[in-house]
Amino acid sequence: MAPVIEARKLGMVYPDGTRAIEGVSFSVEEGESCAIIGPSGCGKTTLLFIFSGLLRPTEGIALIEGKEVVAPPKNAALILQNYGLFPWKTVIENAALGLEIRGVKARDARKAVKPILRELGLEGFENHYPKQLSGGMQQRVAFARALAIKPRIMLMDEPFSSLDALSREKLQNFLLELWMKERMTMLLVTHSIEEAVFLGKRIVVLSHRPGRVVKVIENPMAGSVEFRNRGEFFEKCREVRRSVGAT
Amino acid sequence: MPGSEEKRWGYVVAGAVLFIIWHVLAYFVKSPALPYPSTVFAAFIAQLGEGLAIHMAISACRAIYSILLALSLAIPIGLLCHERKIDRFIAPFLYLLYPIPHIVLLPLIILLFGIGDVSKVILIGMIVFFQILVTTRDAARNIDEYYVYSLLSLGADKKDIYRHVVFPACLPKILTALRISVGTAIAVLFFAESFATTTGLGYLIMTAWSRADYVSLYAGIVAMALLGFSLYMALEVIERRLCRWV
Amino acid sequence: QTEKPESVTSEKATEKVKIRIGLLPIEDTFPVTVAKEGGLFEKYGVEVEIVPFQSALERDAALQAGEIDACIADPLAVILLRNAGYDVRIVSLCLGATPEEGVFAILAAPNSSINSVKDLEGRKIAISSNTIIEYVTDIMLKSYGVENVEKVEIKQIPVRMQTLLAGQVDAATLPEPLASLAAFRGAKLVLSDAMMDRSISQTVIVFRGELVDSKPDAVNAFLKAYGEAAEKINANPESYREEFIEKARIPKDIAENYKMPHYPHPQQYPKEFYEEVHEWAVEKGLLSKEIPYEEAVVWLQ
Amino acid sequence: MPGSEEKRWGYVVAGAVLFIIWHVLAYFVKSPALPYPSTVFAAFIAQLGEGLAIHMAISACRAIYSILLALSLAIPIGLLCHERKIDRFIAPFLYLLYPIPHIVLLPLIILLFGIGDVSKVILIGMIVFFQILVTTRDAARNIDEYYVYSLLSLGADKKDIYRHVVFPACLPKILTALRISVGTAIAVLFFAESFATTTGLGYLIMTAWSRADYVSLYAGIVAMALLGFSLYMALEVIERRLCRWV
Amino acid sequence: MAPVIEARKLGMVYPDGTRAIEGVSFSVEEGESCAIIGPSGCGKTTLLFIFSGLLRPTEGIALIEGKEVVAPPKNAALILQNYGLFPWKTVIENAALGLEIRGVKARDARKAVKPILRELGLEGFENHYPKQLSGGMQQRVAFARALAIKPRIMLMDEPFSSLDALSREKLQNFLLELWMKERMTMLLVTHSIEEAVFLGKRIVVLSHRPGRVVKVIENPMAGSVEFRNRGEFFEKCREVRRSVGAT
């Protein structure tokens, strides 16, 4: 079976001459999860933007479900690094936006996202504006918006980086359970080694800018909540830390 | 902004301060061209019953129609300038046409649209149009691309971008532009109502001016200030409803 | 819409003609208002709509656009419009048959040292250039032998009066009734065209040439109604006084003693008046071509 | 914005399109009140040598002085409105005084400042002042408090906040306001130059209008458009230097 | 000796009625470091703002060097959660701002911050605007700005949360070494348990909103770079995790 997400020698040079990534190749199979880890500024966000159809790579091809990405894929949800929320929309309006854009009536869309907001601990904040929320709450709203459209592919740019330790683990567990239930394909950018090991069945380590693939680490044990407490988890973390340190 | 007790006090104080400055100035200038405020307000109140109120209402209608006309054209065009391609096409027209004193085109407007209310509304509307367009365009061009990316990733098409990003992001600036436009529209009334009409505050002021009746002139100015102030207040209410997130 | 009572005098086609006349709120136009309100136009079988204007600029623009068919203006305006390619014609003299009907005056600033026309030599005098105001100023000063004045351009009449009263110019040329008001407020009357030995300024009734050619009867009917109104006013000026004060925008301060003008009967605009204005315009270089009297002036009766 | 090859093409195309529209309109309207653009441009070129250039320069000076005068007052006052306390004091004055058609105050200005260039500059400056003030105030009130916190934590005093936060944050909006002001200033020239002067584009246009010389009138309008366009371009250059971060 | 930083029953109710913190008391001695950890939205930023003199608490007193905080303390530097950089200033202008405000000439200030920028890996980006940098780089600029004024007290709001794992550890080490050399007093807000344990000699655990002190954990071993690799480190992490989980 063809991989759902595939990068073929992707390269990106910004118009101002900044070379963000170079010759990046990797792939993710249907229903699998892949974590991308690399130092700050190495082009992780750039890579995700390419797969979201928001940027065209200057070299190589990005494929989703075997087709070159030329527009935002309909069955993929993107969670942005700085939340990507709209300051002029309330929490519930932000969360329901993906559904609305897919043609669901505003009222139904809001009804549909209510349980998701509850699950993410945002009940009671439906009519707040993002500015009125702390950073972590904003990130959770962004997460709610992505989940609302029940995506088959999730592209995530450091989705938990603004969350406190407890909420983060809770949300990681929540995401993992969701993934095991829905079996959507996940591409997750992170700079937390623990997060990469906990959530990524495959871990792609990028070098400093321009980002290149240093190593692809297979991590078949990922995919259960208990993995976090096992010795193998710490083992894997150490392995990834070594690769990251080598960049 | 109105409604709060404190704000209302601000207006009372400002009104009183202006009244005193005016009075002192009138005392020192000692010229019929600057009557005492007490005289003017007395005349204003007296004239309210004698038709000034109707003139105000007519002027208000003309100003509001003009602004609506200008808005209905300037906002879509301005928002479209969010797209670099369209902006590159529209901007030169704007830059070439905006700095013309549009009042000078009055003969052309009369030629094309006659001397009725349509001409008046078009004259005011044209001037206000450019002010709103310049501001809306500036706002539309300076939207953080991040928001667009965020929406595009949700599968949005162009229409959605305008609806969910470009329009709301520009709204506060459009409202600022509207505030400026209210002042302009009322100032232009003064010219628009100088032909083919015997109604409106512009007519009143022009008439008073031409017979050097400065008390009526200032009474008309007070009426205009009051009209502008009311429209301002209306805008504030609209802004508080539409831009709660700011 | 005014009601249309059955007209006694005519069942002719002229009844259908509607003349829109643009009027400034000045005393010259008063008979038109009287004729309109007294039903005289209906009596002569012509429908007239009065379109009010506040300034000559906009009135002329409307005339050019064909939004109005007629107006009461000064002959210089007619010459300039014809020069610009508009077919407008003088169909009658309005005010200014005799010097007494003149409406312009040169006034000196209050407390200035100007006491006679001679004292104007070398002084600053506020005018509106290329208009009848400048023309009147030139002609009056010339006939008193004043060669040199510094002209200060101030278009708006109220502003000109204000400037004069504030002493920021030495003198100014103003039309009535602001000339009287300025005098009332302390300005010194130096010279008015009423003091001249001949009429130097007139106002005229102007129609679009097209209307004169296609509907001469209507124009005639208009003039007849106008004439009757003028006679009525002249016969009993006091009974019209209140309305006159209102319509001609006579300032309150001077209303009581303001002298109502004598309105002459409609008559052909005399050639010698025309030539004087025309010659001045040519000298000033305002015209790109000669505008012959025969083209600009008609007399239908 | 100028300088780039593509942009320059935009202006050429826009100019050409306007020329054609104007030509077609003139063809159908067939009135001396709308002469053909070719006639107007020929007259414009011819008159440039005959003093039009000098009139343009004089008008430009008056407009620029007025704008500088307005800026020097409106920016400090507007920025001060960043502080709620001061805003609460200033806002009512603004709301009461802004919607007055300031042109009507011309007699008063002449009374106070005479008929020289000072009056003209004050008349234009006053109108532009309010436009810049309204925009600057709006910008100053909407500054994210986060920036202020950030600077305060560095031990900044009030002066620093204005220098490092309020002023730079408002600068883009002030430049937008300036763009609008350029148009307004030039439009008001038309009135300011109708008294006590025989120089400037306003005088030229008014004179041409009063003698129904529409070719000269439009040549004057073209000159105004050109003047406005040049000031616009100058603003663009300034903006690119001052607001590189936008 | 009186503590340098002291919170006495601090409470904060925002004007809209949101109760952010309640009865928070703790203290930090001269030259010590304290980490505050708590779930998202529990009022950590609020607490830091109070000590920075940017907000007045509605209850209790915040003391710095024995004096009630009523204005930003001159000898303290604050690093904000969302960087607090000015988009209209270049990297070097942002970094030199603290010095400039303290009266150093612009030119000298810029010269003075150059080595700090180099140390933080920002060389070559001096004339970039924040918008042109990745999140991690922006955070480092904020860090450079704070260090430039050589503060005796550092107040930090999740300073490393946007950094990738490697840079984060590097900067944590850098901060620790700096602290050991300069012995300034540190108050650090974080939601990373590891970070709290690595950098805080005292760890204050806050509850959910409204934030209250759940526990104050003494952590005397902190203060050496090697601590990270010791068994005691993992022990302490587990202890803190338990407290955090109990909130």
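In this document, chain identifiers A, B, C, D and E correspond to the written order of the chains, with residue numbering beginning at 1 in each.
Everything that follows uses one rule, which is that contacts are C-beta pairs under 8 Å (C-beta built on N, C-alpha and C of every residue); 3 or more make two chains touch, one makes a residue touch a chain.
Bear in mind that the values here come from a model prediction, so they are computed numbers and not experimental data.
Enquirer: Chains shared as neighbours by subunit B and subunit C?
Expert: D
Enquirer: Just tell me the minimum hop count from subunit C to subunit D, counting one hop per pair of touching chains.
Expert: The fewest steps needed to get from subunit C to subunit D is 1.
Enquirer: Specify the chain most distant from subunit E by Cα centroid.
Expert: Here the answer is chain C, farthest from subunit E.
Enquirer: What's the farthest chain from subunit A if centres are computed as the mean of the Cα atoms?
Expert: The most remote chain is C.
Enquirer: Rounded to the nearest whole Å, what is the centre-to-centre distance of subunit B and subunit D, using the mean of the C-alpha atoms as each centre?
Expert: It comes to 17 Å between the two C-alpha centres.
Enquirer: What's the distance between the Cα centroids of subunit D and subunit E, rounded to whole Å?
Expert: Between these chains, centre-to-centre, one finds 48 Å.
Enquirer: List the centre-to-centre spacing of subunit A and subunit C in whole Å, with centres computed as mean CA coordinates.
Expert: 82
Enquirer: Using the touch rule from the top of the page, what residues of subunit D touch 2 or more other chains?
Expert: 31, 33, 107, 111, 209, 214
Enquirer: Among the residues of subunit A, which are close enough to touch at least two other chains?
Expert: 82
Enquirer: Which residue numbers or ranges of subunit C touch two or more of the other chains?
Expert: Residues 61, 64-65, 158, 162, 166 of subunit C each touch two or more of the other chains.
Enquirer: Report the complete set of touching chain pairs.
Expert: Contacting pairs: A-B, A-E, B-C, B-D, C-D, D-E.
Enquirer: Mind listing the subunit B positions that touch subunit A in their complex?
Expert: For subunit B paired with subunit A, touching residues are 146-147, 149-156, 160, 164-165, 168-169, 171, 243-245.
Enquirer: Which of the residues in subunit A end up touching subunit E in this complex?
Expert: It is residues 37-42, 45, 81-82, 133-137, 140, 161-168, 191-193, 241, 244-245, 247 of subunit A that touch subunit E.
Enquirer: With touch defined as at the start, can you tell me which subunit A residues reach subunit B in the complex?
Expert: Those in contact with subunit B are residues 49, 52-54, 72, 74, 76-78, 80, 82, 84-89, 97-98, 101-102, 129, 131, 145, 149, 155.
Enquirer: Which residues of subunit B touch subunit D once you look at their complex with the stated criterion?
Expert: Touching subunit D from subunit B are residues 1, 6-7, 10-11, 13-15, 17-18, 29, 31, 33-34, 88-89, 91-93, 95-105, 107-108, 111-112, 127, 130-131, 134-135, 138, 142, 172-173, 176, 179-180, 182-184, 186-190, 205, 209, 214, 217, 220-221, 224-225, 227-229, 231-233, 246.
Enquirer: In their shared complex, at which residues does subunit D touch subunit C?
Expert: Contact set of subunit D toward subunit C: 31-33, 106-107, 110-111, 114-115, 194-198, 203, 206-207, 209-214.
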